[in-house]
Amino acid sequence: MKKGIKIVTIGGGSSYTPELVEGFIKRHHALPVKELWLVDIPEGKEKLEIVGKLAQRMAAEAGIDMTVHLSYSREEALPGADFVTTQFRVGMLEARAKDERIPLSYGVIGQETNGPGGLFKGLRTIPVIIDIVHDIERLCPDAWLVNFTNPAGMVTEAVLRYTNHERIVGLCNVPVGMQMGVAEALGVDGDRVRIDFAGLNHMVYGLNIYLDGNNIKQQALEAVADPANVSTMKNIAALGWEPEFIRALQVLPCPYHRYYYKTEEMLAEEQAAAEETGTRAEVVQGVEEELFALYADETLRTKPEQLEQRGGAYYSEAACSLINSIYNDTRDIQPVNTRNRGAVAGIPAESAVEISSVITKDGPRPIAVDELPVAVHGLVQQIKSFERVAAEAAVTGNYETALLAMTINPLVPSDTKAKQILDDMLEAHREHLPQFFQSEKV
Amino acid sequence: MKKGIKIVTIGGGSSYTPELVEGFIKRHHALPVKELWLVDIPEGKEKLEIVGKLAQRMAAEAGIDMTVHLSYSREEALPGADFVTTQFRVGMLEARAKDERIPLSYGVIGQETNGPGGLFKGLRTIPVIIDIVHDIERLCPDAWLVNFTNPAGMVTEAVLRYTNHERIVGLCNVPVGMQMGVAEALGVDGDRVRIDFAGLNHMVYGLNIYLDGNNIKQQALEAVADPANVSTMKNIAALGWEPEFIRALQVLPCPYHRYYYKTEEMLAEEQAAAEETGTRAEVVQGVEEELFALYADETLRTKPEQLEQRGGAYYSEAACSLINSIYNDTRDIQPVNTRNRGAVAGIPAESAVEISSVITKDGPRPIAVDELPVAVHGLVQQIKSFERVAAEAAVTGNYETALLAMTINPLVPSDTKAKQILDDMLEAHREHLPQFFQSEKV
Amino acid sequence: MKKGIKIVTIGGGSSYTPELVEGFIKRHHALPVKELWLVDIPEGKEKLEIVGKLAQRMAAEAGIDMTVHLSYSREEALPGADFVTTQFRVGMLEARAKDERIPLSYGVIGQETNGPGGLFKGLRTIPVIIDIVHDIERLCPDAWLVNFTNPAGMVTEAVLRYTNHERIVGLCNVPVGMQMGVAEALGVDGDRVRIDFAGLNHMVYGLNIYLDGNNIKQQALEAVADPANVSTMKNIAALGWEPEFIRALQVLPCPYHRYYYKTEEMLAEEQAAAEETGTRAEVVQGVEEELFALYADETLRTKPEQLEQRGGAYYSEAACSLINSIYNDTRDIQPVNTRNRGAVAGIPAESAVEISSVITKDGPRPIAVDELPVAVHGLVQQIKSFERVAAEAAVTGNYETALLAMTINPLVPSDTKAKQILDDMLEAHREHLPQFFQSEKV
Amino acid sequence: MKKGIKIVTIGGGSSYTPELVEGFIKRHHALPVKELWLVDIPEGKEKLEIVGKLAQRMAAEAGIDMTVHLSYSREEALPGADFVTTQFRVGMLEARAKDERIPLSYGVIGQETNGPGGLFKGLRTIPVIIDIVHDIERLCPDAWLVNFTNPAGMVTEAVLRYTNHERIVGLCNVPVGMQMGVAEALGVDGDRVRIDFAGLNHMVYGLNIYLDGNNIKQQALEAVADPANVSTMKNIAALGWEPEFIRALQVLPCPYHRYYYKTEEMLAEEQAAAEETGTRAEVVQGVEEELFALYADETLRTKPEQLEQRGGAYYSEAACSLINSIYNDTRDIQPVNTRNRGAVAGIPAESAVEISSVITKDGPRPIAVDELPVAVHGLVQQIKSFERVAAEAAVTGNYETALLAMTINPLVPSDTKAKQILDDMLEAHREHLPQFFQSEKV
């Protein structure tokens, strides 16, 4: 029998780490985390030290038997790990700001996980994740990789297609946000609402909606369509839907769907915000600085309330729930990014989908939903095509493949503009895209 | 043994009719058309008379045993028909001009078969086609419906899904235009080039390209990517592709793909053209007037050369070849719109695809191509989703379904703009959309 | 909020009824059954009275608030029902004996749910079930039909394809028997073992096997292959497997698989048994008589132990668990016969499969398993083909379709023998197959 | 431009070779074969010399410019080849006799390409074919492999799955035999009949049947069902079908289907024949001896008539037609064994099917047929499962995989009997199954 659990968190210096620590503390009885290793790159030392010490104070305050280790070496941290969580950002918020600013300068949506920004975040992140997976296969092959790192769908797709490590789950807080949004619109407690989720990461739909087990989809869609009940994420403008559109769609869209079904308004909104307050990355940079100032306060021994504003609501919830369900073989249902296995008809069996799954000790088992409704099937397919081509570009560093991914992205208006944005962004992110500049390595 | 073939052409007053007549004359030995019935609506009497008389003079001049009948009644014309061809335009060029102008006024592509214009052409046309099919089932159930009427893909989809008449083939001159374009780019005769086509109408791809039977896809794609070799249709601006994009795509796009892969440039081009020369419909109106003036000249006894400029190059070729192959069971290969039957993986077996098919007396048999390349699969799925929702809206006259179709169309930038354009166009085309205004019928 | 549950059991006079009653008594706190209606045909009055009175005594003894009603009219019993369970036998054990004897006389497996016997049980049962479904649609449309009646797979297929009532679940005790068999072979408690089930009714496989959540498939298969650990059902001879075959199969077969993978030995065994002790039906007839003698004893107020020998181990368990999970929306995992929805690749989405499913208030949701292993995929497909053709024959009463079903059944050795057996059995069961003799009705 | 074609025939010493030579002579104008290399193993020298000299005399007599070379080395023969045909028999007729006798001794069908005999023919043949493919990839990578060697379906499956050489086509004379059989039953010329074929090798169905292009399936099935019109192959007993079965099947079975739909009668027939005249292999041994005596006659300069009785009717026709169509890019339709590419729904895209295909210079393109009829889908799937497991056993030499293949074959009645037959046949064919006895190689 296991003595205690070892967790390794890559990108441990993230401002989200206190969320995770709090989650482990709350669940310590059922999920006895004995070692928590926070790993980061040397450039992140200052932040890791601040966050790490806060984590240690939190564990001490809680009086639980969990030691928090800081490390700059996966070689040192990974052996013996039961779960590896990833929450890093290659190029940090500075790179994200470029992902937002450059497309905007071409009149194109600039966003962390969608459009050209999402593509470049994938190009930067996927090679690093694949390196981590190779380390896991070597140093702790039985460990589960719980990936928070965005773009989580593309990253999961890449790991499933380009590595042999089967134990990966991609996580996102969008589905639980949708559940809470519906509950709020209906004026009921969140845990009375259940949703059958299926689709892709940041392109997930609620196929059915239940209150106390009873299917109340129509009522819920009406509530969501009501301009009075606009629900969204911290990082997405709260633009309301056309009620007739939601009624016709017959499924619940996620907040990110606004980039596709309200492209024009979202672009205008982004452009205005960029001018007035800065892009989301620029706003977050300020928030982060404030957070780290708080974290550094040695009298702080619990998660500060201000973290809630950062945008990661339910992240800890999603991660700790998943880890707990795997560890304890609870077989409850959670929405995760996992291998499709035929659950969504028309998506390859080996591709990643975001879908309500039974969580077992042997991993998630997606619940079959058959075909998605005709009207949403096409967009989902288009984004999956994009994700697959983008993942290939990330792995191969092939310029033409990257241009293909950029051009087929539905937010990019032409091959010519795709090429201009691609060239600009390749140059801007050159430092973090060695696979595209290998010939220069000599 | 058949004594001779009876053809009924609905929309017989079209300016294209002389093309068809010339085609039947040229093939008379193998394809003995004995009766050609040109049918039109009473409002089109003037044009039908002009075209009909020209057709009669052409037949007489050719000295063949083919009588040309004019009729304003399907009831009269259909009995005994072997083939029914359709080439009409509900609302005529005036309606097409609205399909172009209204979207443009919202900054959206205005085009006959794509975007909001394509949707409305479908909404107007599908109920009429379905009425015609019901007449065929009653009056000449063994007849083949050869549909030229646009949007041919959506129309074929609607007939396959909403009627029981299996004998329908949708036709388009885009594939043969692509073949000729490749030949021209390579500097060879068109009949030495063969292309494996698959996709949807006006969204068809050349999967492989052969010269004298040898696969020369790479060479052909290079030639197509060369800015010096831009090939297009009469109605589509000849904008060149980014060479790297074509190289990465690895299949041959069709001219209409510009609306999706060069949306921004095409919109700009359309806007400039609308200002300078009028939209395509407005240009064509002028061409048509000139053509009818020519046709009315009683000394004209053959197809006038000016018809070539009208834009229907190869239309007669496609139609007469198809009819000939069905009639004579030639089992040669032609690209047609037909039931998928599993030929393109991921598209429903009962949906329409445009695909290279063996043409037999029992109809087209699509050649299996397995999955489309990843990068194009998504867009094809998205357009098929659109076509299916649009066909449903056309048949049901449901406002929300029409809004759904409009919103999921990749050329429409948001649900809000979709609703605005929809409302405007419903009003503008009210006369030809009775299914959307039935409650007022009382 | 529901006041209490109403259950209607069709075939209430079955000797299994006390199992069900005991199950409802045990779960009364969580599953408050307030009315239990036992319905049977007038010919079954004697048995229904005996069983019904025992059920009433059992409820009284348990001191629960559950009234037991006896009825000979669905019209009377169904209104207001929450669940309808079916456990009848058209033609009773006498018909089953013919299903066993007639094929055997041709040297062919004679079995209740497989081969010619299974086909005829389906032909007799399906029209009755469909009548019941029509009554449910009319009298209690929200009720769940929980079908125990064999052949449960074919019956579920027929209801899914030939009615519009979506609320049907087919049940079988084979999967839980497999779980218990593995536990016994491993020497552990049954509830520590979990199996991922997928396949068809009486042709279900264990794809993965877990002990305390850990995948121990190899170890379990070795134990099952060990001749010392033969596990089976009451009605299936305990013939052992070739160990190398199980090792190569790589999934756990069910006891009924012996009819397909050990056809010859099973036939020999059946022939010997028929001579020595009578067929299974003939043996059961004796057991039933003894049971009813016991039931009739007015001092008996609980389920008698002898019922265990009847062969329905875990039947009550399966039924009450399912009803409880639907009623309470427990979302636990149970193996049931339900619509495939893409869960098993290659089986139509609308066909019935037997598969581990999440049980919700909205019904079972099958867990996706992708493709079955190559070696078992073929047999599963063949039986599904048989089930579909058999269901069509049952519904249409078409002689040729019945011959087709009989001939393609893998246990039937030729079209000629199929015809002989078919003709013999049609004659023998004539009374219960009105759909095949309709022309005589005049 | 090609100067002339080089053909390499492996197993050139076969008695069928004169068929092939005659075919090349007849088509020499369109298909200018300049070199024909007959290759065999040293043990076959005597036969190769006899056949080779006859071939040389035939070419000389015809006065065509085709040289016939004899060789015992693929290394020598393959370079420069355009087409490689294979028609060898590992272990010769002696091995086939064992494939027939051993199963029969267990009361199981003993047949060249079906049941245990077919499995063992595959186990012996596939490794040799794969060696040949590796030689082709090295010595003449652009050559087409035209495989006649049985079991042709399993062999094609193995080449598609276990090599990278895409240019393979499997051939069989069964489809053309079916066409001729239908023509005979209808009393019309064979070339007026066309059949849409789909299925697997020796398990192919006629889905539609045309006379002069008109669908006459019902009429043809009635004729085939008529006991007066039994059509078969030389090696398959001419047992008639139950007319109602054929009517219900609604597709045309092939002669080999008798092994599955008339198993019992075929077994009885085989047993009687084995006793009276010897098994088919034993009969053929006599025929072959007589043929070679004829071939050795130096005055013989054309194909002798007696070859017709050998059983390979239309073999030359099939091979020469295929080679001609590839060489000349004729794009006519022929039934061949090729990659499925989605043409038959439910069969993997990369598996081999036997299907009507367009023959191009780039190889066969299967014509999509969607789903097979329900009633035949199951059996086809079962045989495909068997072929796939058998091909894996042939390549790996794994005993358990071979046992699995044997047990799931529908003609084998149990795992225990499968093991007995397997052990017997492994021993009997030990010399030709090195992959199963590798540990002894030291």
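Note that the chains take the letters A, B, C and D in the order they are written out, and that residue 1 is the start of every chain.
The rule is simple: a contact is a pair of C-beta atoms (placed from the backbone, for glycine too) under 8 Å apart; a residue touches a chain by one contact, two chains touch by 3 or more.
None of these values were measured; they are calculated from a predicted model.
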By that same contact rule, can you tell me which chains touch subunit C and subunit D alike?
none
Centroid distance [mean C-alpha coordinates] between subunit B and subunit A, Å:
44
So how far apart, in whole Å, are subunit B and subunit C when each is placed at the average of its C-alpha atoms?
55
Can you list the residues of subunit A that touch 2 or more other chains?
none
Can you list every touching chain pair?
A-B, A-C, B-D, C-D
Mind pulling up the subunit A residues that touch subunit B in the complex?
241-242, 244-245, 247-249, 261-265, 346, 374-379, 381-386, 388-389, 399-401, 403-405, 407-408, 410, 413-419
Subunit B-touching residues of subunit D, taken from the complex the two chains share:
196, 208, 210, 212-215, 329, 331-333, 340-345, 349, 358, 360-362, 365-371
